[in-house]
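Multiple structures follow.
Paired with chain B in one complex and with chain C in the other, chain A is shared by the two complexes that follow.
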Partner chain A sequence: MLAAMDTQAMHIANGIVNGPVSAIFAVIAVAALAYCVRRGRDDLDERLAPMAGLVAAFIFAVQMLNFQVLPGISGHLLGGTLAVILVGPWVGALCVSTVLIVQCLLFGDGGLTALGLNITNMALIGTAAGYLLVVALLKVLPKTPASLSATALIASIISVVAASQGFVLEYALGGTTDLSLPTISGTMAGVHILIGIGEGLIAATTVATVARVRPDLVYALRRFRSAAPTPTEVPA
Partner chain B sequence: MKKKTWFWFGGLFVALLLAGVVSNFASSSPDGLDATAREGCTFNAAGEITGGTCMAQQEKDHQLAGSPLADYGIKGIDNPYLSTGLAGVAGVLITFAIGGGLFWVARRRTHQDA
Partner chain C sequence: MSAAPLFLDRPSPVHRLAPEVKIVATVLFTIVVVATPREHVLPFAGFAVLLAIVAAIARVPAFWLLKRATIELPFVLLAVWLPVAGHGERVDWLGLSLSVDGLYGAWNIVAKGTLGVLASLLLAASTTSRDLIIGLDRLHCPSVFTQIATFMLRYLDVLVDDARRMRIARLSRGYDPRFLWQVKAFAVGVGALFLRAYERGERVYLAMVSRGYTGRLPVTSGEPAPAAQWVASAMLPVASAGIALATVLA
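Then we have the complex of A and B:
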């Protein structure tokens, strides 16, 4: 039967996408996260490990802060771009996944069956899109604090819209109600541009603050701006 | 060393403040995904679907809806501000402990010291 329409729930609930498609995305999520663990271990030193724990805790906190984007519609940070800038793509995807798993198992948010769908959209697609944008933008923008903030803002907007289209793809494959996909895609993209702007402002403020007090802890400043060759692979 | 440790306490404190206090001022409107899922249906005051066609129609209950922290509140605490705030604090500490713990265990050890 119908679940209570609780406004505290923020992620895909059970039953929206059918079982087989949910299962496929669960397998994709597990495989991608295993790969992130392997790649992330190269990044995880004694400085990054506690930072990753803090980033996960911070994303959990900020995800609770729904902000109004339209009358009757709110949004919240997803966190992929913020995580990429602070701890890199591989560990970043693991940070967002940690938050989603805690929310699912302890806070009843985001269906257990839908966990793979939520991880795919927010931890994998959102982080991958954020990563590509961050690397590209930091390469072309001048090396100034303002550039880092602008990067966080722009990458967040695109990353959030990309994550929203991940849901549309999942719904196209296994949606349980017969609805127009272009309409869903358009509605999701439109509202997530606004959510992305909100997320971008939060991410830009956070990143600018960390860059000011502890620039050595900002992964993007250590890695994407150095003369070292830029990694070309993307998570997932 | 001491100078550097304040960053961690400061960061954790900000997260606890956001989840424990600011969370009570968050918007209670459905988020972008939820709002899209509800589009096309009509709802009564209790939030139940009364007609139309929308994605949320097939929504099923969460398997762990009975969890003591379900829906970002602590079961048994009636004051909504206290309930949300404490659930937020618990979430931040649990996420930090699990995430930080796993990342610490998985870290690359540069110096092999027992």
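Then we have the complex of A and C:
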């Protein structure tokens, strides 16, 4: 599986969405990430720092697995939900955006001027939707590894589709070619439901294993911990 | 896979430039390309010539660039589809009814996308991942980012190595990887892979912390770019902005 790491672009390239809209989303992305940096700095203790790096590396690796859905339409995993479960929303958004920045600079995947668009979709919309769902689902479900993986599956599918609709919104605002929006929206949603299922299965098996063996590493379970927190613990 | 698969080790003036000036030049060049109106063809040819000059100075072979630029293929396929699916005024060409807006859209995506990918590839070919992070650090990128990026690039190797070890372990126990069925073994092993890589990474991290790591690796080589390097690298964005302005005003 990992041998098939021939990269293919899936992030938005230069010239798909026009300059002014790209600039607006770049400003939105910078502002939101600045806030994440402020909140994330408190979270990044000695347990979370290596975890954040590994989560980013993991997302980097799984984003290289491309699903060719139709000729010309491929999709890859986004990893936002996995990130929020393991490192929380702030550091999670930072992990996904780090992946996007490095992919853009070191691999030419995703346009430099489209970085704001890509970060808004995958690092902001994707992780925000994933986090809200995880918090809501964990409130009602029993606190077991099985329900955590069910949560990861559901949150992955919905957050991936939400992120894909972010592209539709950006294209509606500043698409360089006039296309029928319901078609794009439908195609993107259809493709990304399939991707979301694939992503959800990977996220679910991963968090289930981590929750069983090292529950102390799962950010989403921090608030439910009954034992006294360790001295290094920073309350979420 | 190593953390900098696209780096080409060549003794060239472009490789010797400090990473921060290369990053800034690439970003500015790409912005100029994207901001150029799509109705013109000549400026894009000019940009391509500029990139060819940079590639020649950096000693990056054209074939190497073209092969890596195929990363863009999904968007080229999208571009082929645009003239057929676009709206508005249509022209007939070889019996096909094509949308004018779609044709411009296709040209726009192919030209700007290709130039952007080539610029990024030249940056990647002449800069190691470690230098790239140093460059981002010198450009005052928040340390949370550079810290995550540093670990990410290091752990990528850990992750890939552990995946290979687990695969060899499976093979030596009679596992026979075939087509789609490998997905099952991958799915069963992915959680274990994550944990193994984490525990390996955690040990490395604690060893670093106990040796005085505070979130920033010591820079042992290279200095911030002197003014001459900024001037040299500014030639690319300045020349491209000149081309773009000249055609727009003409």
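We adopt the following convention: the second predicted complex is superposed on the first by the 208 of 236 C-alpha atoms of A that agree within 3 Å, B and C clash if a C-alpha of one lies under 4 Å from a C-alpha of the other, contacts with A are read in each partner's own complex, and residues count from 1 in each chain.
Heads up, the rule we're going with is that a contact is a pair of C-beta atoms (placed from the backbone, for glycine too) under 8 Å apart; a residue touches a chain by one contact, two chains touch by 3 or more.
As the structure is a computational prediction, the values presented were derived from the model and not from experiment.
Chemist: Record, for the superposition on chain A, whether partners chain B and chain C clash or fit.
Modeler: They clash.
Chemist: Look at A:Asp42 in the shared chain and tell me whether it touches chain B only, chain C only, both, or neither; answer first, second, both or neither.
Modeler: A:Asp42 sits against chain B, while chain C stays out of touch.
Chemist: So in the superposed three-chain picture, is A:Gly88 touching just chain B, just chain C, both, or none of them (first/second/both/neither)?
Modeler: In the superposition, A:Gly88 touches no partner, neither chain B nor chain C.
Chemist: Would you sort A:His192 into first (chain B), second (chain C), both or neither based on which partner it touches?
Modeler: A:His192 contacts chain B only, not chain C.
Chemist: Does the superposition put A:Gly174 against chain B (first), chain C (second), both, or neither?
Modeler: neither
Chemist: Counting only touches as set out at the top, which of chain B and chain C does A:Ala52 meet: first, second, both, neither?
Modeler: In the superposed model, A:Ala52 contacts both chain B and chain C.
Chemist: I'd like to know which partner A:Gly116 touches here: chain B for first, chain C for second, both or neither.
Modeler: The answer is neither, since A:Gly116 touches no partner chain.
Chemist: Applying the touch criterion given at the start, work out whether A:Gly130 contacts chain B, chain C, both or neither, answering first, second, both or neither.
Modeler: Neither: A:Gly130 stays clear of chain B and chain C.
Chemist: In the superposed arrangement, does A:Gly15 touch chain B (first), chain C (second), both or neither?
Modeler: Both partners, chain B and chain C.
Chemist: Let me test your reading of the model: by the given contact rule, A:Thr205 touches which partner, first (chain B), second (chain C), both or neither?
Modeler: second
Chemist: Which chain A residues are contacted by chain C in one complex and by chain B in the other?
Modeler: On chain A, the residues that contact chain B in one structure and chain C in the other are 1-2, 5, 7-10, 13-16, 37, 40-41, 44, 46, 49-50, 52-54, 56-58, 60-61, 72-74, 91, 94-95, 98-99, 102, 104-109, 111-113, 176-179, 213-214, 217.
Chemist: Help me check something: in the complex, which residues belonging to chain B touch chain A?
Modeler: Residues 4, 7-8, 11-12, 14-16, 18-19, 22-23, 26-40, 43, 47-49, 53-65, 67, 69-73, 87-88, 91-104, 106-108, 110.
Chemist: Residue numbers of chain C touching chain A in their complex, please.
Modeler: Against chain A, chain C makes touches at 1, 4-6, 23, 26-27, 30-31, 33-35, 38, 68-69, 71-75, 77-78, 80-82, 85-88, 101-102, 104-106, 108-109, 111-113, 115-121, 123-124, 129, 132, 142, 144-145, 147-156, 158-160, 163-164, 167, 182-183, 186-188, 190-192, 194-195, 197-198, 201-202, 204-206, 209, 215.
Chemist: Of all residues in chain A, which touch chain C in the complex?
Modeler: Touch residues, chain A against chain C: 1-2, 5, 7-10, 13-16, 19, 22, 34, 37, 40-41, 44, 46, 49-54, 56-58, 60-61, 71-74, 91, 94-95, 97-99, 101-102, 104-109, 111-113, 176-180, 201-202, 205-210, 213-214, 217.
Chemist: Of all residues in chain A, which touch chain B in the complex?
Modeler: 1-16, 37, 40-46, 48-50, 52-54, 56-62, 64-69, 72-76, 91, 94-95, 98-99, 102-109, 111-113, 164, 167, 171, 175-179, 184, 187-188, 191-192, 194-195, 213-214, 217
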